[in-house]
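Take this structure first; my questions come after.
Here the chain labels run A, B, C, D, E and F in written order, and each chain numbers its own residues starting at 1.
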Amino acid sequence: MRPSGRDLSEMRPVSIETGITKHAEGACMIRVGDTHVLCTASVEERVPPFLKGGGQGWVTAEYGMLPRATTTRMRREASAGKQGGRTVEIQRLIGRSLRAGVDRQALGERQITVDCDVIQADGGTRCAAITGGWVALRLAVNRLLKAGDLTSDPLGEPVAAVSCGIYAGQPVVDLDYPEDSEAGVDGNFVMTGDGRLIEVQMSAEGQTFSRDQMTRLLDLAGDGVAQLAEAQRAAAA
Amino acid sequence: MRPSGRDLSEMRPVSIETGITKHAEGACMIRVGDTHVLCTASVEERVPPFLKGGGQGWVTAEYGMLPRATTTRMRREASAGKQGGRTVEIQRLIGRSLRAGVDRQALGERQITVDCDVIQADGGTRCAAITGGWVALRLAVNRLLKAGDLTSDPLGEPVAAVSCGIYAGQPVVDLDYPEDSEAGVDGNFVMTGDGRLIEVQMSAEGQTFSRDQMTRLLDLAGDGVAQLAEAQRAAAA
Amino acid sequence: MRPSGRDLSEMRPVSIETGITKHAEGACMIRVGDTHVLCTASVEERVPPFLKGGGQGWVTAEYGMLPRATTTRMRREASAGKQGGRTVEIQRLIGRSLRAGVDRQALGERQITVDCDVIQADGGTRCAAITGGWVALRLAVNRLLKAGDLTSDPLGEPVAAVSCGIYAGQPVVDLDYPEDSEAGVDGNFVMTGDGRLIEVQMSAEGQTFSRDQMTRLLDLAGDGVAQLAEAQRAAAA
Amino acid sequence: MRPSGRDLSEMRPVSIETGITKHAEGACMIRVGDTHVLCTASVEERVPPFLKGGGQGWVTAEYGMLPRATTTRMRREASAGKQGGRTVEIQRLIGRSLRAGVDRQALGERQITVDCDVIQADGGTRCAAITGGWVALRLAVNRLLKAGDLTSDPLGEPVAAVSCGIYAGQPVVDLDYPEDSEAGVDGNFVMTGDGRLIEVQMSAEGQTFSRDQMTRLLDLAGDGVAQLAEAQRAAAA
Amino acid sequence: MRPSGRDLSEMRPVSIETGITKHAEGACMIRVGDTHVLCTASVEERVPPFLKGGGQGWVTAEYGMLPRATTTRMRREASAGKQGGRTVEIQRLIGRSLRAGVDRQALGERQITVDCDVIQADGGTRCAAITGGWVALRLAVNRLLKAGDLTSDPLGEPVAAVSCGIYAGQPVVDLDYPEDSEAGVDGNFVMTGDGRLIEVQMSAEGQTFSRDQMTRLLDLAGDGVAQLAEAQRAAAA
Amino acid sequence: MRPSGRDLSEMRPVSIETGITKHAEGACMIRVGDTHVLCTASVEERVPPFLKGGGQGWVTAEYGMLPRATTTRMRREASAGKQGGRTVEIQRLIGRSLRAGVDRQALGERQITVDCDVIQADGGTRCAAITGGWVALRLAVNRLLKAGDLTSDPLGEPVAAVSCGIYAGQPVVDLDYPEDSEAGVDGNFVMTGDGRLIEVQMSAEGQTFSRDQMTRLLDLAGDGVAQLAEAQRAAAA
């Protein structure tokens, strides 16, 4: 029933490749099906003004898309002169999600910026960005721990995200672009590797959904995130 | 336990005043406790370019806050030269929420813009905006029906929204500002008057929440929206 | 002869309602006929950089219009990405006018920002903003005096403004929108309650006016401002 | 008593040089004392969208200042990314003033843009811009008449402007920079060569002025403009 | 003498990988040493307004850099709200360079946009962008030819670019970042595969260079471009 | 063969007029044929942040064009809200070129900003700006030397620039507008008065040029700059 032939609860294949750029403190290319996102983590020994002197660190994120990551070329945001509303929403979500998994006291007064740039898009880019972004963050923190700049580990369980939606009347997990553009109800679940919730965003366009469907979507998301967390642990080992 | 002394599942008093401006096709001032939002609906006999000639209408929303709606004065967005990320997120949410309750075919090729301007803020402004915005929309549609510009009613059940969160470890409904600024987990539920879901946005900052808590939040939201829908029906009658 | 049936020298009814918002140090809703402007005064214990350390205070103003304050919806300036030339002109005028009635030495090194937001427009919004803005300022200063933060009163006579113009060949006072949109010559007079001039702005579009007409306009303005000053004194008492 | 030694009612020397650029349809350099403004008039055979098809023309103006026209260098507006509030106010004033002296029906559906660029500033730049701008406009219209593109002359009496103010307690005309920076009350009068008023803008900063002073300022302005109009007629002959 | 141990006239290893994205009509990843640029060509069946109806096509380019392509993170241009002067200069250069090798009549009324995004930077990014951009363009044109949308080939000799400069007093070719940041004289040569010049940009910062040095730089550039053209032909074969 | 009747190697007449504005530390109006550029140099006793405390000075430049400097009116950049790509390129070139002739250590921690504003354009404005800009800079430095603010002269040989191009198949020097708009290959050479190169920018649009032509263009430029340097020395003497 799904265009890709997948089962309702079947994720796309996931790969996370590290060691892909020589400058960033942490980096990976995550591929979730045909969605490819390059994630880098940059460490700076300073925090934003509102945190100065408080002994706590900060994790923030930025998101972008190459103009031809999509089926037809999209206008470059730098040339349009501003980030669109969608971009701003997504990067706020990535930052919040990653921070939920960080002990900011343990991180100390430093900032880690996670950049997520979509090289090729086929649905679910923000989820891939969160999942890959956590790996980049993990690798950057590993380096700080190894260098002795950190004495206790500020990261706990992996943070990962998966999209879910109602496609052709059925709750499904990990929507690709053909599903995403058809689904009237869809959203994203950000969770930890041990099944706790960080962010739930379900949204209907021009229709509604029932409480039972919501329950099923939460189940699907939990299973999907558990699989992603395994891939994250393997990549950052 | 709540600063206001309310029960965990107790909403603030709600009033919806109509007939407050002479220009708009539909308008109301909604007051949810000390949160006051002026909502107007403006009808235009044209649709955005991407809908032209398709026979369908459009409903969109804009959101603003007077600079001194808040405890300390905030910078005016017009003078800052752009709408902040928070504003853009909120007005996209309002528009999506209202559209979920509209039969755009029945509306015909016209656009209704719902402006929600916060006169005084005390937590939950976006939920008040959705709830009051639907009343303004309802009044504008009533006028179109009365004038014979519409032959079938494009609106169904009321659309309303309520915030929920985890405050001092307990799921609570309809957070006011003192609660909102303390709650590590909070979000908004947009639903129809008959209990179907439109939008679920739960978000944790620096912590996580359990599946059981999510279930309780969904319960609280359902009860709260049912109360709001009654007030909406009364105001637009 | 006037569309409203008023005499040439007859003002619209004026009301000034205070106690309308819980956050601002001073606030009122002024209604001049169908023109309604919400004015708030916000006190900050700092001055702009160019005044730092000089012992003098500052009073400034900002002006805005809700999108549907007008007959047809106008584009929101925050979404357009900048304040239009008209807005900038008006808020500079309001700030200058209010400062003319302030002893900035007596105010001490603090800034008061007066926000004037038009809720409903029917001509003469900038004059209503000045007149109501002075009341908000007066109330905020009263609070500072009462709290002992000020020892001598920095405000003197009320500052108020009225529009005048030549409508159908006749000098008239306090133009409403139907007159304003027809008058080829119009402008604004800002004066003190005891009849001294602060600002005179008469402007012709596509025509000219005589020295005698100018004299008559000055007379009308003087009478109008005297009436407004009474309403201001009553409201701030 | 004036820093320059001039009498209270004495204007600075005025010269208007034409033939100074080969591209513009009309152009002059006006020098009022040490204030030098280059004015050009550009004719286009199109009108702004709001006038299309109505048979009427349009005259508009833009104003700028070279960065080092002033005693100390000012930031270039193009590099700051926008025109300041002062610039916008001035160019709106110039455009309105010039239009008051134009029969837009006789001009036909064409637009004339008058650019006024301050090469050297010493007070009164906006008045010099209006006075010189009218000469550039006159020369451009002369060319249209000569070419047969216009059959009746859309221009009547010259339009000129002079600043006045209260300096050291005395009403004076044509303020130079040392006076302008001291005067607490100053403004601009735009008039026709035969003494009719177009625009009156008197403004006090931190003080007020009397009705008698206003009368004296109107007298001074009338005499000053009469002198400017002679220089305009001579230059455009 | 060079930090990398290369000879004065020795280029870095070059590789051009195609087939790297599923959406673009033409695409490659070019690697010149540690400088990696992703180039895509997007075909649109429309031309910019100034070319409409003239029967000629257009080739344009945009350039960007991922924030962490560099040693330390650079601010994202989309978030800064504009493309910097350096970016604008570079993308104008890329567009001009590619157009020099295109028969725009033969291309017909369509536009090809070449996007060059730097994934990792180590000096010479604009040259790599031109060289890789031509391959993406070649592949997109090949597809149009194969599909019969083009009947004659609008592309001739490859267009490639190489940087040259004076490092430690010696003219050298293909500067990497350590050289680039030291060289007081450097620039770029864009040429065709058969040795004709398209663009010469040599620039000294705080010093000068001689006519003899210029001659040597032209020699080095010619040899370098010949090697690049071979790699381009192989990649696009 | 040239529209102006000049020989291939013949420059337009050059004049450099000083003493043209009372405010700037150095200033001149340079006229190269019908291209007229007003250049001012403004001295400030501070340097940009990145140089603070290093004991070195800075020279920077800004470039602008009056809207009607050209045959048809161009949009004012301040009103368009940003400097175009062409403007940014040109002012970066002017700044770099002038700095190549400055001993920044000898200049000490001060900044000189050279503003180049085109009053009338007829091709070659950026070259005239560099040539005239150097004279303004020279005059400002002379004043600093005379006042004893500088003890050793930070300027050496004059810096001047000339355009060259291939017009109707022939290399020519100092292109005027009719040539410039036809030439498919053109560019600019910045050199010192004693023949050393600072900047070479040759660029082809839609065609290519040979190594031999490049050699001839370098010869023409050398002769042209030598003539300009004489005019510069005479003007600044």
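Heads up, the rule we're going with is that a contact is a pair of C-beta atoms (placed from the backbone, for glycine too) under 8 Å apart; a residue touches a chain by one contact, two chains touch by 3 or more.
The chain lineup, named per UniProt: A, B, C, D, E, F = Ribonuclease PH.
Remember, predicted model here, so these are calculated numbers, not experimental data.
Undergrad: Same or different: do the copies chain B (Ribonuclease PH) and chain C (Ribonuclease PH) touch each other through matching residue numbers, with over half of them shared?
TA: Same, since most residue numbers here occur in both copies.
Undergrad: Between chain A (Ribonuclease PH) and chain D (Ribonuclease PH), what is the separation of their C-alpha centroids in Å?
TA: For chain A (Ribonuclease PH) versus chain D (Ribonuclease PH), the centre distance works out to 59 Å.
Undergrad: Just the number, please: Cα centre separation of chain A (Ribonuclease PH) and chain E (Ribonuclease PH) in whole Å.
TA: Spacing between the chain centres: roughly 33 Å.
Undergrad: Suppose each chain is reduced to the average of its Cα coordinates; what separation in Å results between chain C (Ribonuclease PH) and chain F (Ribonuclease PH)?
TA: 51
Undergrad: Multi-chain contacts only, two chains or more: what residues does chain D (Ribonuclease PH) have there?
TA: 82
Undergrad: How is the touch graph of the chains shaped: line, ring, star, complete or other?
TA: ring
Undergrad: By the touch definition, the chains form a closed loop. What is the full order round it when you set off from chain D (Ribonuclease PH) toward chain F (Ribonuclease PH)?
TA: Loop order (chain D (Ribonuclease PH) start, chain F (Ribonuclease PH) next): D, F, E, A, B, C.
Undergrad: Using the touch rule from the top, collect the residues of chain D (Ribonuclease PH) that touch chain C (Ribonuclease PH) in their complex.
TA: 82, 85, 88-89, 92, 96, 99-100, 102, 104, 187, 192, 195-211, 213-214, 218, 222
Undergrad: Name, in rising order, each residue of chain D (Ribonuclease PH) that touches chain F (Ribonuclease PH) in their complex.
TA: Residues 21-24, 27, 34, 38, 40, 42, 44, 62, 64, 66-73, 76-83, 87, 113, 115, 117, 119-120.
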